[in-house]
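Sharing a structure with you now.
Going by the order they are written in, the chains are A, B, C, D, E and F; count residues from 1 in each one.
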C-alpha cells in the first residue's frame, strides 16, 4: 500500500530518526545556518519546478479555481479553529487568535514532503499548486489579528508595517520569485540547473527532515503550555482541515494529486511566516504555545499519518 | 586609566523580528551608533528557546550602545513602551571608553 | 535612571559539552532564567582554541544570568565545584535593569 | 539574441530577484556561513575546471600572452582610474587610491558568471583564464598602496606582513591550489568529482547570485558616501576597462571566449581580497565608499549589462 | 601503483592544499557551520550506503566476526597504548589514559577516505564495516576512563550520564540511524536519494578534507604540549594498530577490502566523540595534547601514508 | 561575595582582518589570555555594516580579556595607536572573578 511505502521512504525515516535522537536526548544537531540554507534551497527548488510546469502546461481554469479555493481556506479556516480553541481548548482570546492564524496558513515543508510522496505514488500535484501555497501564507495572519482585536484591547499596529512584513516575508518572496523565474526560464532554461534543483531535491530533503525531527521533538519535550486538550486539537485540526481541502479540491474538479495537495495545504500549520508576524503584532501571545502546536504536534502528525490519509481520500474521490 | 571617559552601556536582548522597531526608536531618541551580537539560546518565564530552529521567530540578539549618561536616560525612556509590551530585557552599566570624544 | 533596579550579572564561559551540567547546577540553585551567547575562540594557559574545529569538543559559550545580589551568592557557591574541576571562568558585575520585578 | 537570452537565464534572474527583494525591504537573507561556503565551492570548482582544461590542452604561447596581459592590466588600470577619481570624482588621495585598487583587481563571481554565459553561448574561455584571474587579484593592491603613499602620509606598514596577507589571501590560495589540483588530476582524476564541481555548478551559482543580489542592493540602499559622480565612474570604469581588455585580448590573438573573459576580468572590481587589504593598510579610506562602488554599482552593471556587451565586442573582433 | 595514484587523487590533494595553506598562514577558512554540516552529510551517506549494501547481501558470519574483532580492538588497543604513553611518552596517568582512549576509538573521516581509496582501487569494503565503525566508537572511552581511575583519584562521575553521553553522541546516532534507514529502504528506496548520497559523495569529501587539512595543520602549528616522543607515538600507533587490524581481518577470512578497512579503523584515532567525552569526564587531561596527537599527527599520517600501506598489506595477505 | 577578586575587563570591537595585529600588540604587553565573541552588525559614523556580506572585510569581533588593574593600563596604552589609526572601540569595566589567582 502506498501509505506504508511512504512511511518507509528514507525521507520520512530521517524525520523519525531526528525525532528519536531528540527524545533520547542525543546531542545530534544540524547547524542553524545550514538548516536555514537548506530551507531556502527547498523553497527555491519548489518554486522553480512549479513555474517550469506552469510554463509547459499554460494557464487554466483549474489554476484559478485552486487559487480561489486556497485563498478562501486561508481566510475561513481560522474562524472555527478559533472557536474550538476558546471553547474546547480553553485559551484566552489573544492566544486562540494567534494559534488559529497558524492553522489557516501553511507549512512549506509539509507541502514539499507531500508533493514528493504524491509524485512517487504516481500522482504529482500540478505546478500551479506552488502559487496556491504562496497565496495561502498570509491571509490567515490578517484574519488572526482581526480575531485578536475583537477579543482584547490589542496595541494598535502601524498597519502598513505589518502588511509589508508579512507580504514580503522571505519565504513568500523566495517562493513567488522562484516560481516566476521558472515561468520565464521554462524547460530549456531549467535544464542546466536541474541537477541541483531537481535531481538533488529528495536527498537534501532527507537531511532537512532529519533536522525537523530534531526540532519538533525538542519542542515537544520542552512544551510546558501544551495541555492534553490543545494537543488533541493539534491532531483534529489537520484531520478536519485536510479533509475539507481534499473534498473542496475534488469538488472543483482538480486531478487527484492537486486535490490531495490542497488538502495538505489546508491541513498544514505555519511555523515560519506566522510566528514571526505574531511575535511582532501579538506579543502577548505565547510563542511556546503556538510553536508547540504547529511544529511539535501538527507537523509530525501530517508527515507520518496525515499525508497518506489525504492521498488516500483524494484517490477515492477521484475514482468513482 | 589614561585617557578614558565614563560612558553608559545599554544592552537590550531583542527578538530578531523586532530589531527594526528597536533601532527606529533608538534613532528617534538620537542613538544611531550601536553594535549587535548574536544570542544562542536561553530560558525564562516563557520557557526555553534556542537558535537552532528552522523558524526564525524566536531567535534573539543583543543590541549594545555606548553613550553619555543623559542620552542613556532618554533612550531608556524611549524604549520603555517596547520593553513593556514585548517583555524585553534591558541592562544598563557603567564602562570607561578610550577616545571618548567619539562615543 | 528612571525605573531601574540594581541586579547582579553572572557570566560563565563554559565548554559546550558541559552546558547541561552547568544549567542543572544553576536550576538546583534556583536560577532558571539565563541567556547563552556564542564564543568564537580564545587563548589561555591551555593554549589557543577556535570555533572552526570539526571536533566540537573545544567550542565554548557564555552563560549569562541576571539576578538579585543574594541569589548570585548562592549561584556562585553552587557552581564553585564545577568551576574548580573544569577550570571555568566566572565573572560577576553590577548592572541596572528596567522592569526589575521580572528579573 | 545572446544578450537577451543571457539576461533571462535563471542565473541572472536570481540575481535580479535578490536585488528586488532587498529593495522591497524583504527580510530574505542567506546565512553568512552558507554564502561563504558557496563562494569557496565556486572558487574550488572554477580552479579545478581550469586546471583540468590546461592539463588536456597543454601549455601554449596564448597562455603566456594572456598572463602577461592580465598582469599589465592589473598594474596599469588603477593609474587612470585614480586620476579620474581625484579629478572628476573629487575624492581625496587616499580614498581615490583605495577605490582604484579595487578596479585594477578582479571579481571572481563576475568571472564565473561570465564564463557560464560565454559557455552557454558556445564560446567557452580557455582553461588558463583561471590562472590569469588569480594573477590579477593582487598587483593592483600594491599599485593602489603606492598611489596612496604618494598622496598622503600613510602609516608605514610592515611590508612583508601586507604582501603576505594579500598573496596568501584565502581566495587566491584556493583558486591557485584548485587549479594545480586540476592540472595534476587531469580528466580521469576529475571524473569522479565532476558531479559536484561541474554538474552542480550552475545551480549553486543561482543561489549565490541570489545572495549577491541581496547584498549589492542593500549596500546601494545604505550607501551614504556615493555621489552621482562616483556612481557614474562606477559605470564608466567597467565599460572602459572591459573594452580595453577585449581589444587587448583580441589583438594578442586569443579566441573570442578568452578575449571576452579578459575583458570581463578587466571590467570587474574586487570585493573580497582588496577590501580586506585596504582595511588593514589604508584604515583612513572609507569601506562604505569602496564597497558601494564595486559591489553595489559595478558588480550589478557587469552582471546584467556588461557581460553581453563584452561578449558581443569580442565576437565582432573575432569575425573579420 | 595504487599508492601513488591514491596520493594524487583530488581527495588527498585537497587535504594537502588545506595543510599547505594553514602552514603558510593563509586566512583560508571554511565556516564552522558548513564544515559541521558536511561532516553530518558524510556520516549519513556512509551509513546509508552501508545499510543498503547489507540489505542486498544479507547477514553473514563475516559480519559477526568483523563486529567481534572491532569490539575487541576498541577495548584492547588502549591498553598497550597507555603503557607506551606512560613509559616512552612520559605522560602522567590521566593524560595517558585520555590519549589511549582516542587511539582505541575511530575516526569517521579516515574510514570514509579509506573506503573511497579502496573502492576506486577495486576493493570496496563490505557494507557491514559501517556497523563495525559505529561499534568501535565508544568502548575505548570506557576503557580509557577505567585506566584513568586506576592512575589517579578521578572525580566520581554520575555513571549513567557519561554512558548516555557517549552512546548517544551525535555521530554514533547518525551513523547507526542512517545504517538502519539504508537497511529498511534497500536499493529501491535508496535510488531516488542516491544522487545526493552517492554521486556527490566524492566531491563533497574533497571540500571536507580541505577543511581537515586546515584544521590539522593549524593544530600542529599551535601544539605546545606535543613532544618529539609523543609525535613519534602518534606515527607508531597507527602503523602498529593498522597492521594488527589488517592481519586480524585477514585471519578471520574477510575479503581484502574489508580487512583493509578493519586495519584503517584500528589505525585511526577519534577526534569527535572521544574529545567531547574526555572534556566531560577527565577535565584534568589536556585537550591541546590529545587533539594534537589524533588530529594533527595521526590523521594526516593515515590519510597520506597509512591508507596505501594498509591496503597493500591487505592485498598481500589476500593473494597467497 | 565569597572568594571573588576584582579584575578589569577590557573589550575591543575589532575588524576581523585586524585581529592578528591586536593580539600581537596584546601579547607584547603581556596579555595572552583572552576570549573572542562574534558581532553581527552595527551602525556608526561610518554607516551600517552587517555580517551577512560575502566580503569578509567588514566583519567584526569582540576581543575580551580579564586582567589586574595595572596590566589593564599597560594594555590600553599598548593598543592606543591601533585604536587611533583604525578607529576601534575599547571598553573597560570592573568585574569580580572567582579563582582570581588564575586571571
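The definition used in the following text is that contacts are C-beta pairs under 8 Å (C-beta built on N, C-alpha and C of every residue); 3 or more make two chains touch, one makes a residue touch a chain.
Note that the coordinates shown come from a computational prediction; the quantities given were computed from them, not determined experimentally.
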How many hops, at fewest, get you from subunit B to subunit D via touching chains? 2
Quick check on subunit A against subunit E: do more than half of the interface residue numbers occur in both copies, making it same, or fewer, making it different? different
Far-end chain from subunit D, centres as C-alpha averages: C
Cα rotation angle, subunit C onto subunit F, in degrees to the nearest 5, is 120
Centre to centre, using CA atoms, which chain is the farthest one from subunit F? A
Which of the two pairs, A-D or B-C, is linked by more C-beta contacts? A-D
Between subunit D and subunit F, centroid-to-centroid distance (C-alpha), Å: 34
Per the C-alpha centroid definition, the whole-Å distance linking subunit C and subunit D comes out as 45
Rounded to a whole Å, what is the gap between the Cα centroids of subunit B and subunit F? 19
Check each residue of subunit F and list the ones that touch at least two other chains. 17, 37-38, 87, 93
Would you pick out the residues of subunit D that each touch at least 2 other chains? 27, 29-34, 36, 165, 195, 200, 276
Those chain pairs meeting the touch criterion are A-B, A-D, A-E, B-C, B-F, C-E, C-F, D-E, D-F
Can you list the subunit C residues touching subunit F in their complex? 13, 37-45, 60, 62, 72-73, 76-77, 80, 83-84, 87, 89-93
Per the touch rule, the subunit B residues reaching subunit F in their complex are 1-4, 7, 9, 23, 32-38, 61, 66, 93-99, 102-103
Residues on subunit D engaged by subunit F in the complex (per definition of touch): 29-32, 35-36, 39, 109, 155, 165, 211-212, 214-215, 218, 222-225, 271-272, 275-276, 278-280, 283, 286-288, 291, 295
Contacting residues of subunit B [partner subunit A, same complex]: 15, 17-18, 21, 46-58, 85-87
Please name which positions on subunit A make contact with subunit E in the complex. 8-11, 13-14, 17, 20-21, 24-34, 120, 195, 199-200, 202-204, 206-207, 210
